[in-house]
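Two complexes come next, and they have one chain in common, chain A, joined by chain B in the first and chain C in the second.
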Partner chain A sequence: MKHTISVLVENKFGVLARIAGLFSARGYNISSLAVAETFEQDISHMTIVVDAQDEKILEQIKKQLNRLIDVIMVVDFTKKEHSERELILSKVNYSAKNKAKLKALLDKYQAKIIQCKDETAVIEFSGEQQEIKQLVHELEQFGVKELVKTGRIAIAS
Partner chain B sequence: MKHTISVLVENKFGVLARIAGLFSARGYNISSLAVAETFEQDISHMTIVVDAQDEKILEQIKKQLNRLIDVIMVVDFTKKEHSERELILSKVNYSAKNKAKLKALLDKYQAKIIQCKDETAVIEFSGEQQEIKQLVHELEQFGVKELVKTGRIAIAS
Partner chain C sequence: MTGAQILIECLEREGVEIMFGYPGGVVLPIFDRLYDSKIRFILTRHEQGAAHAADGYARATGKVGVCLATSGPGATNLTTGIANAYMDSIPMVAITGQVKTFLIGNDAFQEADVTGITRSISKHNFLVKEVKDLARVIREAFHIASTGRPGPVVIDIPVDVQQAECDFIWPQEVSIRGYKPTMFGHAGQIKKATRLIAESKKPILYIGGGVITSGAHLEVKELAETIQAPVTMTMMGLGAFPGTHELSLGMLGMHGTAYANHATMESDLIIAIGARFDDRVTGRVSAFAPHAKIIHIDIDPTSISKTVEVDIPIVGDAKNILCQLLKEIKKKPNTNKWLQQVHEWKARHPLRYAHHDDKIKPQFVIEQIYEATRGEAIITTEVGQNQMWSCQWYKYTNPRSFISSGGLGTMGFGLPAAMGVKLGCPDKTVFDIAGDGSIQMNIQELMTAVCNKIPVKIAILNNGYLGMVRQWQELFYKKRYSSTKLCNPDFVKVAESYGAVGMRVANPKDVRAAIEKAIEIDNTVLIDFIVEEEENVYPMVPAGEAINRMIGGMA
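Presenting the complex of A and B:
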């Protein structure tokens, strides 16, 4: 089961390596991670998505996270009401031939073209996992040349 | 100067900790980091934003990144034409009193309300750094209760 965990940390050297190490030491692979600075100087926010095969081990990891001196707060969103979103940028073929069709698809999803160059369009879209999956699937008919994702972020309802 | 670096890696245990360790060992703090899986199984994509005080040290770090066995590709976008975007979710006060004003502001930025509950609205917005900064600044008048960011992602033009 995928868990989305939010961690507030002091932005000091080595915190990220220590936190990543806590997961990898137990054979847990982080499937997505989003780290950014907050309003407050020297405080960063991390959103970690991890596929927990064993809930007990995840509980241990969360306890150890809480024990790290630079960790301020740990929230597991799994059993809480929350919203999750992710951002993607994707480069697809964009020619006179497929222009109208691509635009209609993007309108349906409220996705934007942020750049056009040499018959290539860069598309920006943010949404829930399911929407992203569907859009990317529909974009495949145009030829997806590149896809970059941020990883999910979450906010409690 | 802020550098945006894109790294394609094999998604194995410990890769993230090793990469984070490369930066922290040289006293380099990662200001934002976005890691997500790609189309290909077991390959992840990382976008690292780092404030490089010393360009020579950054060159060393990039060389060492390239030498890591699980690193497939390293791209520094700094001197390349590219687009950067970031996603934010923010919780602000939302009452009958400020409703119209908030909606007008969100329309101006093409930002969306994704949830309303107990006089609180959750706002979703993706854009360039400058737009995000301006929107967050304008949201402050409504009372920002929470702000979560993904960190930037980048795509070559």
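Presenting the complex of A and C:
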């Protein structure tokens, strides 16, 4: 099961390596990771998405995260009410022929084109996992040349 | 002040009296300041020896052990000692020099990524990039190393930071927002625990190194006597409850006593205190103590329900929690029948070995050391059979009197650790009970001991084998002794060439006299006991078995 874990940490070098190390030491892959400073400059926020093969091991990892000196707080959102979003940027083919159809699709999703060049459009969209999946699926008919995602971020509701 | 001055000033203010280590290019500024400092510096002959000596000093005194090494190879040589302290939760500060800040990451001469290497084997580590941070970092390092569940903290200091100048400001207090160990137990949990205790018929105390760390040995004794429960110890817990007490069951687990293992498996309530259900203790986890409810007292939440699910976790300092618990206990269980059963196991399955008139049995040597020192020595050990026999055949009555590499099982720990112990407790007789293999892993420290007048005693149980590995080969690999037969030097001559006293004993009749002579001589003494070659440690629980499935005819 995928877990979304939110971690408040000291904004210092080496902290990310410590956190990543707890996962990698067990052969756990981090599916996505988003890190940035918070309101307070000396505190960073990380949202980690990890696929737990074994809930007990994940429980142990969370305790060990808490034990790290540079970790201030750990919250697992999986069973808590929360809002989550991910931002994607994608390059798709954009020719006179499919212009109208693409526009219609983007309107449906409230996604937008942020740049056009040489018959390629850069599309920006943010939403929940399911919506992103659907949009990307529908974009495929136009020819997706590139897709980048920020990784999930989450906030308690 | 320069960074090096600040470092020494801080160490002195932290109360450091002794340090162990080895110099090199990028720690020259520190060594220059040490030259004038009142801190005693012990130059070991290998950085691993320095780390183990600092560790032994910490285990014996409860103070923070400090070691110092240069960058690159100096630092990598420390790492086994750091990992060793980490596995056994020993308070230690390891200081390493680093190449100049602007050279870091450039494959500079003697550069190693020390914070990277030690990340997973230390409680915390610091790379100090600016001299203004140095005093705070040292203060935090000592705080982190010695509080909560203790552990080693590494401080990596580039040479230019040691040379840089800044005003010295001693931080009055330490406040780390992500680090606030829980000290007292949750009252509700303690109430629940007392209920379980009152209802139990077959309670047992299972205690570990945490009892020693928190200084909770008297409270443990009071609890055991109050509720009349037998007490079993992990290797790290030996000495936390008197081995001579009638409620003591000695050590449990792979080479524990049969009665400790039977009692654990049959109990209906395990009160675990500062112990972590290590796999050497539990054997096959799914079969461990099937009838028991478990109360687990530990300061580290990650230790709780890690391998064995517990019923009542109580996070906090063992001593505080036991004081809270003792106040709450009103109804005591009736354990008469249970103690009778335990007594029967003790009578039926005592620890034994077959004495021999011509050949020295290793167990006999340890018994003799026990008698000659009236149980008042501090024993360090190496790793292997020598270590397990030291757990079984010496009765430890005081905390911090048994000093051994538990979690990591580091051969070569015993001799340097003994030096640290002796420096911390100069009035005590200190014996390193060694194997002929292990002793050669840090034998160079004989020079350190002789040179610094640290009169430790070394008893080599010389069986001509990497005995513990040979035992496994005998039992599980059809006696195919692959690379376990040892070719040894003349240990007496080795001792003598270092300036120590060497003795060889091959006859059981001479064992006691040699030990007594060694205790009397005011020098480092090595006794080479030529012992039975293929003696095994029993009882033994084969790996992956339930702990009451012991083998060994003598069990």
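Keep this in mind: the second predicted complex is superposed on the first by the 157 of 157 C-alpha atoms of A that agree within 3 Å, B and C clash if a C-alpha of one lies under 4 Å from a C-alpha of the other, contacts with A are read in each partner's own complex, and residues count from 1 in each chain.
Rule of thumb we're sticking to: a contact is a pair of C-beta atoms (placed from the backbone, for glycine too) under 8 Å apart; a residue touches a chain by one contact, two chains touch by 3 or more.
Everything numeric in this text was worked out from a predicted model, so none of it was measured.
Engineer: Here chain A is shared; do chain B and chain C fit on it together or clash?
Structural biologist: Pair status: fit.
Engineer: When the two structures are overlaid on chain A, which partner does A:Glu86 contact: first (chain B), second (chain C), both, or neither?
Structural biologist: First partner only.
Engineer: Let me test your reading of the model: by the given contact rule, A:Gly14 touches which partner, first (chain B), second (chain C), both or neither?
Structural biologist: both
Engineer: Who does A:Ala154 touch here: chain B (first), chain C (second), both, or neither?
Structural biologist: Only chain B is touched by A:Ala154; chain C is not.
Engineer: Quick check for you: in the superposed arrangement, does A:Ile69 touch first (chain B), second (chain C), both or neither?
Structural biologist: The answer is second: A:Ile69 touches chain C but not chain B.
Engineer: Between chain B (first) and chain C (second), which does A:Gln60 come into contact with in this model arrangement: first, second, both, or neither?
Structural biologist: second
Engineer: Once both structures are overlaid on their shared chain, how near does any Cα of chain B get to a Cα of chain C? Whole angstrom is fine.
Structural biologist: 5 Å.
Engineer: Residues of chain A that sit at the chain B interface in one complex and at the chain C interface in the other, please.
Structural biologist: 13-14, 17, 21
Engineer: Report the residues of chain C in contact with chain A in the complex, numbered from low to high.
Structural biologist: Within the complex, chain C touches chain A at residues 115-116, 119-120, 123-125, 127, 144, 176-179, 300-302, 305-306.
Engineer: Of all residues in chain B, which touch chain A in the complex?
Structural biologist: So the residues of chain B touching chain A come out as 6, 11-14, 16-17, 20-21, 24, 27-39, 45, 47, 83, 85-87, 89-91, 114-115, 117, 122, 124, 126, 146-151, 153-157.
Engineer: Under the touch definition given earlier, write down the residues of chain A that touch chain C in their complex.
Structural biologist: For this pair, the touching residues of chain A are 9-10, 13-14, 17-18, 21, 25, 59-60, 63-64, 66-72.
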